[in-house]
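In what follows, structures are represented as structure tokens.
Here chain A shows up in two complexes: once beside chain B, once beside chain C.
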Partner chain A sequence: MATQNPATRKAAIVGGNRIPFARSNSAYAQASNQDMLTATLDGLVARFGLQGESVGEVVAGAVLKHARDYNLTREAVLGSKLAPTTPAYDVQQACGTGLEAAVLVANKIALGQIEAGIAGGVDTTSDAPLAVSDDLRRVLISLNSAKTMGDRLKALARIRPGQLVPDMPRNAEPRTGLAMGDHAAITAEEWQIGREEQDELAARSHQNMAAAYDRGFFDDLVTPFLGLTRDNNLRPDSSVEKLAKLKPVFGTGDGATMTAGNSTPLTDGASAVLLASDEWAAAKGLPVLAHLVDAQTAAVDYVHGGEGLLMAPVYAVPVLLARNGLSLQDFDFYEIHEAFASTVLATMKAWDDPAFCKEKLGLDAPLGAIDRAKLNVHGSSLAAGHPFAATGGRIVASLAKTLHEAGPGKRGLISICAAGGQGVVAILES
Partner chain B sequence: MAALFARAALTARGRGGDLPDTRLTRTGVTVDPANLAAYARVCRFPVADALPATYPHVLTFPLQLALMSDRAFPLALPGLVHVRNRIEALRPVRTDEVLDLEVWAERFATHRGGATVDLCASVSAGGAEVWRGRSTYLARGATAPAGAPDSDVTVVVGDLDRAAATWRVPADAGRRYAAVSGDVNPIHLSGLTAKAFGFKRAIAHGMWVKARVLASVANRLPEAFAVDVGFRKPLFLPSTVILSTAQADGGWDAAVRNATSGTEHLIGTVRSL
Partner chain C sequence: MADWYTSFANSGVGTTITEQLGLPRPVELRRYEPGEPLLPGPVVVGSAGAGRLRDAVTTVLRDAGVTVQSPVTADGGTDGEKLGAVVLDATGLTGPGDLAAAHDFLAPAIKRLRASGRVLVLADPPSDAGSPAQAAARQAVDGLVRSIAKELRAGSTANAIHVPEGAEGSLASPLRFFLSGRSAYVDGQLLTLSAADVPTGEDDAKPLAGKVAVVTGAARGIGAAIAEVMARDGAHVVAVDIPAAGDKLARVANEIGGTALQLDITAEDAPQRLVEHLTERHGGADVVVHNAGITRDKLLVNMDAARWNTVMAVNLQAQLDITQALLDTDGALKPDARVVCVSSQSGIAGNRGQTNYAASKAGVIGMVRAWAPHFAERGATINAVAPGFIITEMTAKMPFGTREIGSRINSLQQGGLPVDVAETIAWLSQPGSAGVNGQTVRVCGQSLLGA
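So, the complex of A and B:
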């Protein structure tokens, strides 16, 4: 185990708050990223009595972001019940944004640079930014810089009707042109992930999350917003039989196994997590649910290197385990983000594959299998939905509470895949 | 509501006498989320679960207008100038609460420029009052009945010499607020229609200016508060104006003035109740 710098301390996770997640163009169709992030911060402020107070830093981000929202998090802070003297900044690491934000806040706490901070994320696919087409944008820029009427007319003459169609944000990789689902379908086929096991994982996610709601697990993690009290993607009566009826939407031919049921839908929502030093939490009389022990990122060459777009966490986890002297089985709970059911299954299959672990991960022995009873025990993104940057905060807060309920000394692993072939993973401990 | 404005204009002549005792009510009112979101965007409130404190005014405004356009109302609606507005937000109101509205007129008063009348509104939820509004209108040259009290249109603020924000108020600000509030008074809609009523250009709705002021401090308000503003000189469209704010007595003082001439459009206070 690597030696801990004696000058550092582990950041405590005090608690979290999120608004229920809503499928695209439903309950939050009128809400902007700033509206949702502000409401989420205010819910956290109310829960932990931080009205009018300042915390060391608020770090959050959005994946789909309007150009005007360059200072999204700071603007949300200025519109929130936090003191206006609270610093804030934006981060963006695709679906890893929320967890990366928590790691950044935790690191500053660990170094003693701040005593408490809030990590969060928000995304809307309903109020998404539309951009003018790149051709039109160039014309407008030259129009703006034109000095003479002649130059202006020349610039205007370059406008073509086709350029007036705006660019819609697409869930596609810029370098491959493939949708994320298409990438995941390639990985699913490579790892021979079957339709039935994907549907089983999806059904269990819905059932686990519905049960958690029913027993009140989310009562102090979720604040109702705009008429929603639960995630409206949640199907408590989901079953393998029902999911089996859906037609594949990604992949081709017999290998097409991925449906709208075992893939996450476009979702709107926001989440936030309060992190602090133990001393700060104690002074405020606030609980410590868990500590953020360590984190790791990785990236894969999914363009030319033959790697799966969403397989980077597979590489990040062994690095994290080695640094902390742990095996993959040394955890009481696993939170593997369900971008697609097939992604979770391929990730676990890769860790259990001797050839892959030797050749790709450079390990003497495979990391091995994990106990599926410990996986996503309160449901994950297939049930809740996946507002990209908000997912990390949802998982960190839920896992911290899960560990706290299980008692001291329990350990949890978070694994989140992200667009661009990246992955963020972290260890929490109660 | 355009029909009410038209009726009020056509029946403007020959009005007089004292205020009617009429109380107009509407019960079981629910907020239309789409209209509320549009209102929030125009006034810069966040889309959230609590109603902006200025929004119930929009709900009660049609009743105000119905009362004022009725022949029994002694003053002619065209030409009435909104000079003061006081709102008491007794508690935060959730957007999904079912509301009962009541509107009446009172306090026919003598003003040095004519007569004023207060259009009052009360909003209740579950039988308990949650919101009160009082809009004071001035009828230039009108005479209040004998023995009427003096008008009270004074709002006092402290020094407000520091600019908090500059607003570029576009030419269509009146049309945008009219679309979300239903206040389609022609003086706000275009230069041409404003000229017909004696204004050189279209003017911004006072309640829009008030709402924007309140929105600028919306996250820093007491649970229960009164926001009281005096509308001074018209805000001609388009204009660039400056908002000045200062914390005062646990609340706020605010002023909105023209950026170049310094003409005062609004002064107001927010105080906890």
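So, the complex of A and C:
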């Protein structure tokens, strides 16, 4: 196990910005990833007066990406009010993209390689890339490379009507063919996660987020976009009773507990977080909300290893706790990404399960339970929605502000599950 | 950017038609452009009465690079050059008889005034006159100036400044303002100065350099114009507007190199949040412009409580609460701060269907008057600006007839632009405007309403 280099410094989280998240094919149906990321960066620039500034690096990414967006983040920077001399690169780690981007920026700041940076993420399931089928693609490539008219005609003759149907991006695991919800349903059944507790968690997410909006918590975290001023998935009047009426959409038979209400919908949106050294922030008169203390990733073998697709954070957290000499209860706030209500519940159940903690995590004692009153206190993805790569930035900025409001010395844990059986977790401290 | 009628009246065929039909002939007003001289022509300075300000005026004008000429005689004057401005020092009047000199001086001088020229009369305030005859003479100046303003054409304006004994040192900044293009739409107004410690050495091109200026309602319209002018004059602008207007607000902040603060100023914790933001991020504010305002028009008999209450909350109570919080917190407001509150012509003249709005905007005038002595003690000022008919997105939605009449019933025969309001506010925000306190300056082209 690595130990932290004492020569490094902890990166400060100065603040964040996101556009309201929009359900797929709604308010942002016509917006591209680049539009959304650029607007989000510009909102951040306006909030912190970064016009014409060259920050050390902008790191962001998208999960669903057009081929033309190979340099998405740099293009967004060039379209923004940041100095055109600001370097940028793309990352992609499925739903972990946003948090991983923040960790990458924080690490460069920690090492003194940059003084400030912006981490972000964006995703659209509305303006999704459609690809031509592999068969048609091969025909078109050979047509392009054909030298004679005869070769060209030969290539064209290979086109069949069936090849004209485009490849749609799917929310499914390539290696199992199962949708993420189907995977989550397997885990939910394995951990005996009930329908009611899922609906309770979902209702609370909506209520918490609505209350946070009402008290102005998001005033300096969100900038309206294309007429939307709040996340349009948010249902302030959500209740267990209302959610109980929905039919399950994932799982089969009596074990089917996952509905459209306790699963996140496909969502469009973008987020960004400004990180910096304490010195940089102080020189600019900018606040330090919290520091990014440490982070950890993990992956599970969901293909043949008998572990659930979204269970990797369960493995990442104990590694992170051990390295930092902390117990699971040493936190004032927990941000567990609500891909599905059942995922959050299964994650917590696993940490509190002696057999699992011993056999799978190799721990002498279970990590234990967490105080639910400290969980997702300002709502999470079930309420806001989940534009894959944008979720990490949303959580980092919201948690940093939550910690700052609570006062100095408060600690928060972020846990984000991702496709491909991966997880990214991090500790923030005010 | 002139309105359609002004453009038409200044076109070839439009000139002929409007002249022959005797229609209003509005001109494009001379507006301030950085780097341009204070005035496009020389100034003639004259006096009526004993006159104690001529030398001071001449010094200010010469420092500003303006050519100062001697008074013109009734038979035609020294040369044919058109005048940029005519300044009359009418201090020291003893009785109405002294006013004949004003007539003798002004009549030939005004004949030589060029387009968008300026007539400025300096006088003692009638309130501290030593005798009824002196009070009469001083008060007579008001009628004289207001009438000259109505007689002037081609974008020229006439205004008066009351200079009490001891306030002579406050004169430079108002003098420059009224002569410059910054006061394009300020006409027929009387400003009263007070004695103050006026800082010197201000950079004319960037009078707000190094200042932090808060502008509420900055996402669009007049607020956005205020933010732009403040930034042009060198201030770092903290642009404030409701969170729902955050995207427009960000655009304004990014265009002017300021910062955006999304805040509902009527929220209970808004004053505290603004105070914290200003102290933590900027070390306090030098300038605060209370511009945010809303209308919820209805005849009083049909007005529900919500319309009344929201207008009062945004337009008046928020200004009071935020200003009080800034005063109460050490370091939130710089000692020599400038607070400018946006009132309205409706607050002076009243307006049918706007009892709530007019009440709130009249309240603003009372507020600045009451607060002025307290502000003066710390070297600060608080003033109001009352815009008349200003061409904005809001007026674009008015019915054609209402809009056309509204924009013509003033001496300049046209609506003002948001920048006209912004220039006046930026001037009041200058360090040099220390001697303007508790005043309400109308930016209305000498509107007939409430005159």
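By our rule, the second predicted complex is superposed on the first by the 426 of 430 C-alpha atoms of A that agree within 3 Å, B and C clash if a C-alpha of one lies under 4 Å from a C-alpha of the other, contacts with A are read in each partner's own complex, and residues count from 1 in each chain.
Heads up, the rule we're going with is that a contact is a pair of C-beta atoms (placed from the backbone, for glycine too) under 8 Å apart; a residue touches a chain by one contact, two chains touch by 3 or more.
Note that the structure is predicted; figures quoted are calculated from it, not measured.
Comparing chain C and chain B on the residues of chain A they touch gives the larger count to C. By the touch criterion defined above, A:222 lies against chain C but remains apart from chain B after alignment on the C-alpha atoms of chain A. In the superposed model, A:420 lies in contact with neither chain B nor chain C.
When both complexes are overlaid on chain A, the residue A:38 reaches chain B alone and has no touch with chain C. Of the two partner chains placed around the shared chain by superposition, chain C is the only one that A:286 touches, whereas chain B remains out of contact.
Once the two complexes are overlaid on the shared chain, A:49 sits against chain C while remaining clear of chain B. Contacts of A:269 after superposition on the shared chain: neither chain B nor chain C is touched.
When the two structures are aligned on the shared chain, A:81 is found in touch with chain B and with chain C. Comparing which residues of chain A touch chain B with which touch chain C, the overlap comprises 39, 42, 81, 224-225.
Contact residues on chain B toward chain A in their complex (touch as defined above): 33-34, 37, 46-49, 95-96, 218-220. On the chain A side of its complex with chain C, the touching residues are 39, 42-43, 45-49, 51-52, 81, 216, 218-220, 222-225, 229, 285-287.
Contact residues of chain C toward chain A in the complex are 236, 239, 243-247, 249-251, 253-254, 257-264, 267, 269, 273, 280-283.
Contacts from chain A toward chain B in the complex involve residues 30-32, 34-35, 38-39, 42, 78-81, 224-227.
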